[in-house]
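Look for chain A in each of the two complexes below; its partner is chain B in the first and chain C in the second.
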Partner chain A sequence: MKSFFKSKGFREFLRIVLALVIGLTLGFIITLFVSEDPINAYKSLLLGPLTRLNRIGDWLEESLTLILLGLTICIVFNASQWYIGVEGQMILGALASGCVALYVPLPPFPRILLAFLAAMIVGALWGLIPALLKAYYNANELVTSLMLNTVALKLFEYVLKNFIMHEKSRSVSSDYIGKEFRLGTFIPDWPFLHNIRELWMKQTNVTVMVYVVIAAVIVVYYLLYKTPFGYELRTVGLNAKFARYGGINVNKTIILSIMVSGIFAGLAGVHITLAIHNRLISNMTSGLGFEGINIAILAGNNPLGVPIAGLLYGYLRAGADVMERSSDVSRELVYVIQAMVLLLVTAERLLPVVKTRIAEHQEETGNGSAGHVKQIEEKGDTHVN
Partner chain B sequence: MSIELVIKSIFSSLFIASVIRISTPIIFPAMGGLVATAAGVPNMALEGIMNVGAFTGVMVSAYTGNVWLAILAGMVAGIMMALLLGVFHLHFKSDLFIAGLAVNLMSSGGTVFLLYILTGDKGNSSNLRSLSVPNIDIPLIKDIPFLGDILSGHPVFTYLAFLSVFLVYIFLYRTRFGTHLRAVGENPEAATTLGINVTRTRLIALAISGVLASLGGMNLSMAYLQLFQKEMAAGRGWIGIAAVHLGAYKPVGVMLASMLFGFADAISNQLGSLNIPSQLVQMIPYATTVVALAVYAIQQRQSALDRMKKYQKEHTDSLAAEASNVE
Partner chain C sequence: MQPIIEMKNIVKIYDNGVVANNGVNFVVNKGEIHALVGENGAGKSTLMKILYGIEQPTDGEIILNGESVTFKSSLDAIDHKIGMVHQNFMLVPSFTVASNVVLGSEPLKKGLIDREKVLQVTQELSDQFGLFVQPDAIVDSINVGQRQRVEILKTLYRKAEILILDEPTAVLTPQETQDLFKAIRTLVQQGKTVIFITHKLREVKEISDRVTVMRHGKMIGTVDTKDVTREQMANMMVGREVFLNITKPEMKRAEKRMEIKNISFISDTGRPVLRDVSFNLYAGEILGIAGVEGNGQTELVEVLTGLKKSAGGSVIVKDEEILDHSPRDIRQKGIAHIPEDRLTNGVAVRASIEENLIVDRYFRAPYKKGFMLDYKLVDSKSNELIKQFGILTPNAKLPVGSLSGGNMQKVIVAREFSSNPYVLIASQPTRGIDVGATEFIREELVKIRTSGCAILLVSADLGEVMSLSDRIVTLYEGKITGVFPKAAEVSEEELGLYMLGIKQQTYEEMEKFL
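So, the complex of A and B:
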């Protein structure tokens, strides 16, 4: 038992809990300053999502998107690719799945299946441009992917406004997707579950995406830790030069890591289209772009930690909505709390990917000094112990 | 409007003036990014710092009625955010990239949070009476026909931006501290052995980048528009980072790269009057950034290959020469 409390995993867990507690305390202090009734405002933030069934539903829905985004980032960060084009992949995935669900004349089941497939493919392909530029020409993937996010958002708006939207419609959005082409509720239609199913269907919108997300978490874990590709990906992430000497095709691994991650961003696009908004509407992805990074970092880049982090931040976001509606504090408080947690979580430990990234950067810019790199590595080691 | 008219307008003095005006809020963060990158601490929080600067400037000017005090306050707020990043990275060993994103998140969330408290609105500050900086008419130049329209009559910030390019150049290459700063960026170990305080130098570099980025933000909220909007920087901080790469880490190069984006943006404004869907036109600056980065990266790779081949050839030549000497 004693060894458990001294173990690395437990100490990391403690550190994250501590960061969360400090972040939430800071949030409370801010609330004290700005709110007329701080206690109630904070209570609705922390307990709000649990007070009604439909709020629990909101929490779970929000979390499903977040978990998928977290998985996306988790894959690229494990390969030390600072790729943040998730929002572009997600919005184009949403567009693809929405178009299939709206227009392809197929019966419901194959149509939904095709919608999934289309979104996953589009998500993967949108990552191809920055991936190729990074792998073959070492162009900064951070900047290219960010710029392509805006391009993707504009492309989405363009297609939506010019080809999908009705001229008479007041909001910039498509028609609602037919009920039978949306995702169904996650509770199976068994006799003894009948009452619960009815209740959940009436009040919430939690869909079969739950199972897709659970499967996705397992797939990503399996992919990263149990397959040769995952091994190569993590090796490239730890040390690309070593990986090259070891005979790993680094370029291929970089490209594949970004494209595979795009599959999950595409799935997030399916979720916001076929389960949350039930149509294509402008600004579908607002505020979700960087959320994946928060979650992947909180989860320590471990796919199995992503669902926990996703549920946690989904809870905070749902709580923020309740707080905004029932008090005078606006929901943006949560971003400040999240930013604080992000700073604190990375402050106390240097993740392996982070370590090599610094070392690499020194060399890339031609500024490399072996001594400094070594120094960083040594520091990293002491953190791992 | 027809294409001929658009083309005509592109060659007008008004268009060139608009390129200069639009480039201003990119040159500032790009120069900030350059100083930070030169010190080995690439600042990923420029976007957020711009938002904070824009917000602080508007709020202080609305409540005090003093533009210069507002600019000062905005710069101080920029420094504070940059130092938050610096302290977490340099003292608490946060990853610079992640900490930068955290500061961005805090800035975009925090400004909207405070905006709501102060104005009751989450979108913009239009119900406050904030001030804008004066435009400057340069005495003699403003009377020159073509040149006067281009060079004169811009807001103070525009002149400051181009001045900052010059100052950053002088600072980095002609002052003692600037040389130390570049040494820290190039080889922190060696700099340490020379007695340069690496941590302090990097903190100061980040603070300078904070000042410059906040000026870029205030250019948006106190010259370009006269109010603060949610997410006002709208990616200009990131474009600034792109410009640092594209400009090959040299002040003038970075300025030209920034102006390339300003040019693309101005073109897209002009095309907006044509019958092209606005979304496609609005893509132009961002797509240009990607294309420019790609071209730059490909060219870098090519010149590296050429260099390698040259050295290889020299090496084999010298080996052959040695071999013939021995014989």
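So, the complex of A and C:
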């Protein structure tokens, strides 16, 4: 047990919780200034998502998307690729899965399966463009992937307006996808669960995607930490020169890391299409792509931390919805809190309590790396450490 | 002549225990050109960093114009009219020459920068000291020689009376070097004092009035340049360090393992760095490359290991061409590599020890099992290596960055030696590490050589090259200047002459020994 409390994972968790507490406190102070009834406003933010079943549903649905996007970013960040094209991969994944679900004449099960496959492939292929540009022309992936997001969003709108939308339709959207081609609820159809199942089905869109997401987290964890590819990816991320020296094909690894990450962005596309909106509709990503970055940062780029970060983040967002509807405080306050939390998590020195323990640990085992830089500059007799 | 600077008993010990300066006395007279020479790592840069306030001495005193001074930072040194031109220029490439010269203390007019004045003062300084630059040119667009002049003008603008030039000719063409020398003479005529760091003895002879030689953190001596020959200076620079207690079993040279023919390499800036380098490596033999750093050793190793693309030549291993193949291909042929720059190439500091140990083998059996990497096996193999190579660490999961330099190097050595290499290329294998680790690594090198590995040893430490090698090749300006088939029979004075390009063997003399 002692080792658990000393473990890196627990320390990271503690850091996030601390950051959250400080962020929320600061948020409350701001609320005191802007609200007539600050206590209730804050209560609706903190407890709102749990007050009704449909709100719990909203929270979980959004969290699932966030977790998938967090995984996407987690993979590329582990390879030290500052790739932020998730939004584009997600919307094209949505388009692909939507088209399959709407138009491919197959029975439900294979059709949904094909929708998944299509979205995953499209997500991966869209990542191929900035990956190749980066690997062979050293084009900054941050810039190319950001610009390709716009391209993807406009492409989606174009296809939606010109090929999918009905002329008579009042909104820029496709028809609804047939019930049997959407994802089913996550609660199995067992007799004793029957009533609960009915209730959840009626009030929420929490689907079997839950299981897909759990599987995705495990797959990404194993991929990164237990496979040769994950080893290559992380090594390239930690020191590309060392990777090259050791014989790793750095370009290939960069390309593959971005493509593999795209698979999970594609899954997020499936989720918003076949579980949440149940059709293709303008602005259906609602800018969530970038939130994936925050999730990954909160999780310290560890795939096992992503679900926790996703659920926390999703909870704040859901709380913000409730607060906005039931009080005089707008959801922008929550953005302030989110920003504070992120700032505190990334600004490592602000939480020295936790960090000093890591430092102590390094003291025990030898010098930190700072001294070695000097050692390289000047050669001479050295003491045994 | 009156001393302008006296550095007395300067001692510098870095936090990690490296002794860079050990009781150095250094005196510079007013109005002279004083050359400071020594091999890389002799401590001359550290001494100058202390004089310029970048580093603080552990002990000792600096006397400037008869007064004792302490510099907390280089700003203090600048206040005392000391200026330094570093090897790597510190200019803003998108600014004009004049803006760079005045940067930080611009002439003002009504609180704004007086652009005309900026150009004017730069032009005046340039004319006064014969350092010709175009004040309104953008730094990005001018060549290296001109950039250096901008750096010198920067120090003059800050009223420097003493100029420290750190290896100013390392980046220059011969023509630019001559221009620089002309400028230095002008500076001295106008009363400035110049300290000139170099290891090119030809230049010392040509430009300096007096010369101070350093070796292993100590001052060997200061002499009038006209009284010494290049040969004498070479001897002062490379005198042997006392450590030789390596017992080397007799060499049993066997089959040829690597055939290197006419390798050339051209740097990004178009400078030829390696010119037609040829030699062979044999099983059971250590071939040492002796040379002052910067004469092509780094590039030679990087070309042989696939990290840099050559400009022609051939490398044959097991009847196959491997030149310009990928690092993985080359490693698959059994070529192991201890890299010169440990922190850049040798390890990933934030990765664990075990992950650093498997970079050349993680992709094949038994480490790879189906789709997975067998971390249990990685763990047990790593612990074996940690024990075998005496790496001091509580476990294999800690980041390599938490180890001391010597232990970090042992991780690299453990990885490269345990791959059972066909050929080992070891570059600066003991640089900057403690005595214990140094001896251990040297013993291991001899051990695998005796058991039949072919080894190429590149080291800036001449003592190391001489005591470990069976055969020695000297490299000067990217060319082989000599080959010594029996390392034990050559003196360091003799080697020094070849390393510094003063003597050279003909191709016919070298041919049969390469």
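Everything that follows uses one rule, which is that the second predicted complex is superposed on the first by the 338 of 385 C-alpha atoms of A that agree within 3 Å, B and C clash if a C-alpha of one lies under 4 Å from a C-alpha of the other, contacts with A are read in each partner's own complex, and residues count from 1 in each chain.
As a working rule, contacts are C-beta pairs under 8 Å (C-beta built on N, C-alpha and C of every residue); 3 or more make two chains touch, one makes a residue touch a chain.
Because the structure is predicted, anything quoted here is derived from the model rather than measured.
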Partner chain(s) touched by A:121 [first = chain B, second = chain C, both, neither]: neither
Between chain B and chain C, more extensive residue contact with chain A: B
Touched partner set for A:143, first chain B, second chain C, both or neither: first
Touching partner for A:228 - first (chain B), second (chain C), both, neither: second
Which of chain B and chain C A:242 touches, first, second, both or neither: second
Chain B versus chain C as contact partner of A:297, first or second or both or neither: first
Which of chain B and chain C A:333 touches, first, second, both or neither: first
Touching both chain C and chain B, counted on chain A across the two superposed complexes: 362, 365, 367, 369, 371-372, 375, 379
List of chain A residues in touch with chain C within their complex: 222, 226-228, 230-232, 234-235, 238-239, 241-249, 362, 364-369, 371-385
Residues of chain B defined as touching chain A within the complex: 37, 40, 42, 44, 84, 88, 92-99, 101-106, 108-110, 112-113, 116-117, 122, 185-190, 235, 238-239, 241-242, 245, 249, 277, 279-280, 282-283, 286-287, 289-290, 293-294, 296-298, 300-301
Residues of chain A that touch chain B when the two form their complex: 34, 82, 129, 133, 136-140, 142-144, 146-148, 150-151, 154-155, 157-158, 161-162, 290, 293-294, 297, 330, 332-336, 338-340, 342-343, 346-348, 350-351, 354, 357-358, 361-362, 365, 367, 369, 371-372, 375, 379
Interface residues, chain C side, partner chain A - complex: 14-20, 40-41, 43, 45-46, 216-217, 305, 307, 326-328, 331-332, 337, 339, 341-351, 355, 358-360, 362-363, 367-368, 371-373, 375, 392-394, 398, 401-408, 431-437, 460-461
